[in-house]
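Going by the order they are written in, the chains are A, B, C and D; count residues from 1 in each one.
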């Protein structure tokens, strides 16, 4: 089957997440990157495109969307990998041209932008895929399937955490570009750690439990001197249907790199998963020995094996989980091109509603914290 | 040096914690158990005393306190290991007779009892030691010393959790005596999981950080059908001086036995300790490789080595940590007998103020939760 | 820089390692797969090529080597991913045409073939890269650099092991193709577990320690009923210069997937690395706390960061380590094309001499074992 | 039941293992230590006895054996905790007086002494218990029972290792008493690491597998400058009945404290246990998920629970495992005093035959290594 022609907005030199998207798009050989508006100026963009061997470079995403839409061999999909405040406008530009959008998270930097984008997606026939990449990890898929099948019984407790340590010191004042925009409300939005990584923890908690957060009580803190956004957040969760949870995001917890962790307990058993060791899933059926399930190993089910590439004991990692989102996006694009309706084509893929849930999560955290941790609906 | 003559209240057959106290008292050979009021009836008490080789058995703690006080060779100290609602009256009976008290936690089952006991301790010259046994673990001692010495810088974040799974099913309806009284407000007090194990997590968080909890917001739940007390609790903490924290206690988290865990982060580094693997302490100085410190191994300091018995790599466990409390209680008893003032003699030992802090913690959790997780002062 | 035109021999449907090579070749975007002789018949080859979107399919590697050599746009390099007994002839065919060879391990199935191939490489100006892929893991690179820099002092002890469990039951009699050829001397060669995975352990031990094995004493066993090749091997090692070691390979150790593990001890410290958790490296300087080094985390050095793609805490895995071999092969190919001499261009890459060392290791194991574990020179 | 009157030979100030024996004897309250010949001179012995509160001190074990045998309230058993070369004579002195002996391992320092002691035991009606304390760990008991019940099927492979690092530097030249005698052939015997810790690994491998070592091939090394005994040993094992194994002992592997580890694989599954984390036992039934069994937790059986004191998740350690040997020795002593025959009374307890097997293991290692690792029968 022919590869999907892909464009990219953002992801020039110095960017972290753009390179990740490019590798992820390549791993399963479903995409061909042919166009880009990679940087903030036409010159920088062209230089980056040349270095990466990308055929067509544009000075802006607006220009790119229009030009590509008129070409016979124009891009079929675009990956948006800019800082958060650019997501909405860029995505709208391509959706308006009927080009499928694969967009990094969080959805946007403001609720206003999010609503506009939500409307744009509704008005379009194109796909909008949000790269909540952790949902692509095989053992996360298996965990979700185990919960859905009732193996844990009714879910009672959900704990999600995502601690990091990279902002323990004020890196944003020391020229680290990643730190600069991620601590800047104008580019990141109202949430600091809750927006950048808390949304991942929230998304994963919901994805695996199959439950939505109804309301939350949040205590946000800002430890970095002069920092405008939260860098540590404590959140209590109440889910629809009665389950309860806790969520912690932090950028100031020394010794934690990307220590995203999920624990779920039901009346019949528990599950535990850690992003830094993603090929393992602890399953603790109540009253039985703990079981360590491994990707493509004994105890692995179709849900995880279907998104695995290599045998158990040969670890897959972050890039492969990310690639699964791209691979499934490719399936979805080919499906809608073939006439399948958009909702069916999306399947498990995180979509605009995941993005809106994330935005509501960020806003509820910020609002709750400003009201002394009052319970706030999402 | 002669062994201290010890009595025991509670701890007859079927009891769990009584046997633990007896082993703990023996390990360092500082006590001799010579008297007991071990059960609820004189007959049962006598039978248990005989089985354990305890010389003198009494029908009640009242009788025992009076009789022992009049003997030349009467007990110097008593261990109180009954259900919570008996602690206060028993402790008072011995304090009034000038007999030192070593009492299990939590302090009492009601705040009223706690205040009465607090007064009794104040009015007495005898020692009151509360067996917050986890403070006896060597690596906990080292953690506390590292924080105190400033090795972590100013403390920002404290996370403590103590999940268990033994009440996942309603064991209290199936004849398990331990489950019966621990889920009964009349015997346990207002707190379920927060009283039984949350107090341990709270105590450890304060002991190691050197900080007191100023206020908290708690969301308590009760998952066991018909259960009167919380079996799962989510708590956000604010410490005096500004540090923030989270605390989780649970008796319904399948796969967790006694998974007490503490994580502390300061501006210069972090520490992580788990009770089930107590000979290890992770130290993560910011920007340096993670270090795994081991009891009596490389990186161990005087604070931990002083309360260790055997070389690194030969694990000490729960009983040894508990024994350290007894060993230090013996030191304290001999010290006050030798004229040292009570406060100096106590040193690190958990005392009535630890007990009162625990009671305030339980009450604040229950109050906050009943007010929809409103911030509640301790 | 333009992508290198790549061909592939073997790797049709049902094959495991062919797919791995293709992903590995794609991850860093240095190769374009344009030709193949993927299966044992022209029809099957064509079907596989079509399914994979490979432009040109050939009925045999001989045909392919000749045809591609005459095309302007012919392949610059070929990946050989067949069962072991085909390696030599295929590699020779392409070397004779001046096409660079990337070949799976072990080198060949017989010593005779190995010598012929060694000569063919010597007679050619083309590169011969052996995919000892585990040498591509970042923390293995760091371990090697740490040993080389003297951080461990003189090396005393080297332990390598590679246990698996997939042949615990006689899968070769149950239609598993992978099991069939790997237990067949005609296709695998004289070594069973020692050839398939013992060579990896041997290679890694030498790669990291910088030492060659001088002689060994081996006790090979065959537990599978009717199996012709060893499925479990115990080996004692003596290295040039005096270091000693042990090596274990097994295909019948239940609970082990691909549990390749390396431990090295010198007079100043130790290192420990496990393939299933490859982003970690334990460093134990003597008399200091254990340190857990992480890929691209605190303590990571240039040696590992240079072959990393993403931040610490986002795990890279087997495919990324494999891709590093391809990436460095691409560098080497472009370098020799630009005039660099072959030896310089190869750098760290495993080459014909690694392959010969592996063959000598296999043969020494088989010989030693047949002589009751007599010490046998490599 | 009355406590058993116990004496001790060795174990004065500065000794490590004597204190361990004393705690172990106290934990389950079955012994009362009333007499000792604790040091090499009467003065030192008396000082140590006084410090420890031991009633009767003797100038030599000979004197003690005779004197105690004539007392009404003389000791019923003696613990021998001297350096190895004293074991035989001391044990014989007490056996001759009809006093039960609990003796540290290895049995003796010479094969000649061992045979003499073996005869003395045969000639006596008293018990001889060798404190191979690791056999007292609950999960080791469970592992043994699981193997015996056939849960692993026929045993194929047994790996045991006991690495330490304390002799990495020449501590014996720096005044460390423990290092002095353990590296001195006159006091330790012919084996260095193989005698001190290799015997533990050997004993545990046999105890759990239920198999005896038939022959071995050993490569012993001595890395410490000027050291007379091996400090690192590589050994290949062949068991009666066909199982094969490897054994490693080391005192020069930086980062290892007391990293005794046992792995056993049968045709139906595997087991893995590590002394430093003794409350866990991995069970890997072939083709099923890995199971982490915990002491007194889900999956624990009678074999482990019978020798546990406290609930799962509250770790027991080295001292409790050691105490189990003492507790069972007390049972055995009371049993033979009550008329049970000696063999029946001993049950699981390590005895003279375990000691002889250990001596044969040491000698075979030394002999094999001196003959270039020739296979040597035990």
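Rule of thumb we're sticking to: a contact is a pair of C-beta atoms (placed from the backbone, for glycine too) under 8 Å apart; a residue touches a chain by one contact, two chains touch by 3 or more.
Since we're looking at a predicted model, the values are computed, not measured.
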item: Chain of greatest Cα-centre distance to subunit D; value: A
item: Comparison of B-C and B-D by number of C-beta pairs in contact, larger one; value: B-D
item: Euclidean distance of C-alpha centroids - subunit A vs subunit B, Å; value: 43
item: Whole-Å gap separating subunit B and subunit D, where each centre is the average of the chain's CA atoms; value: 35
item: Between subunit C and subunit B, distance of the C-alpha-averaged centres to the nearest whole Å; value: 55
item: Subunit B: positions in contact with at least two other chains; value: 256, 287, 290, 294, 297
item: Chain contact graph, described as a line, ring, star, complete graph or other shape; value: complete
item: Residue ranges of subunit C touching subunit D (in the complex, touch as defined); value: 156-157, 159, 165, 168-169, 217, 219, 221, 223, 232, 234, 236, 238, 244-246, 248, 250, 252-256, 263, 265-270, 272, 282, 284-287, 290, 372-373, 375
item: Complex contact set, residues of subunit C against subunit B; value: 283, 287-294, 297-299
item: Interface residues, subunit A side, partner subunit C - complex; value: 1-3, 16, 19-20, 22-23, 26-29, 53, 164, 256-259, 275-279, 294, 297, 309-320
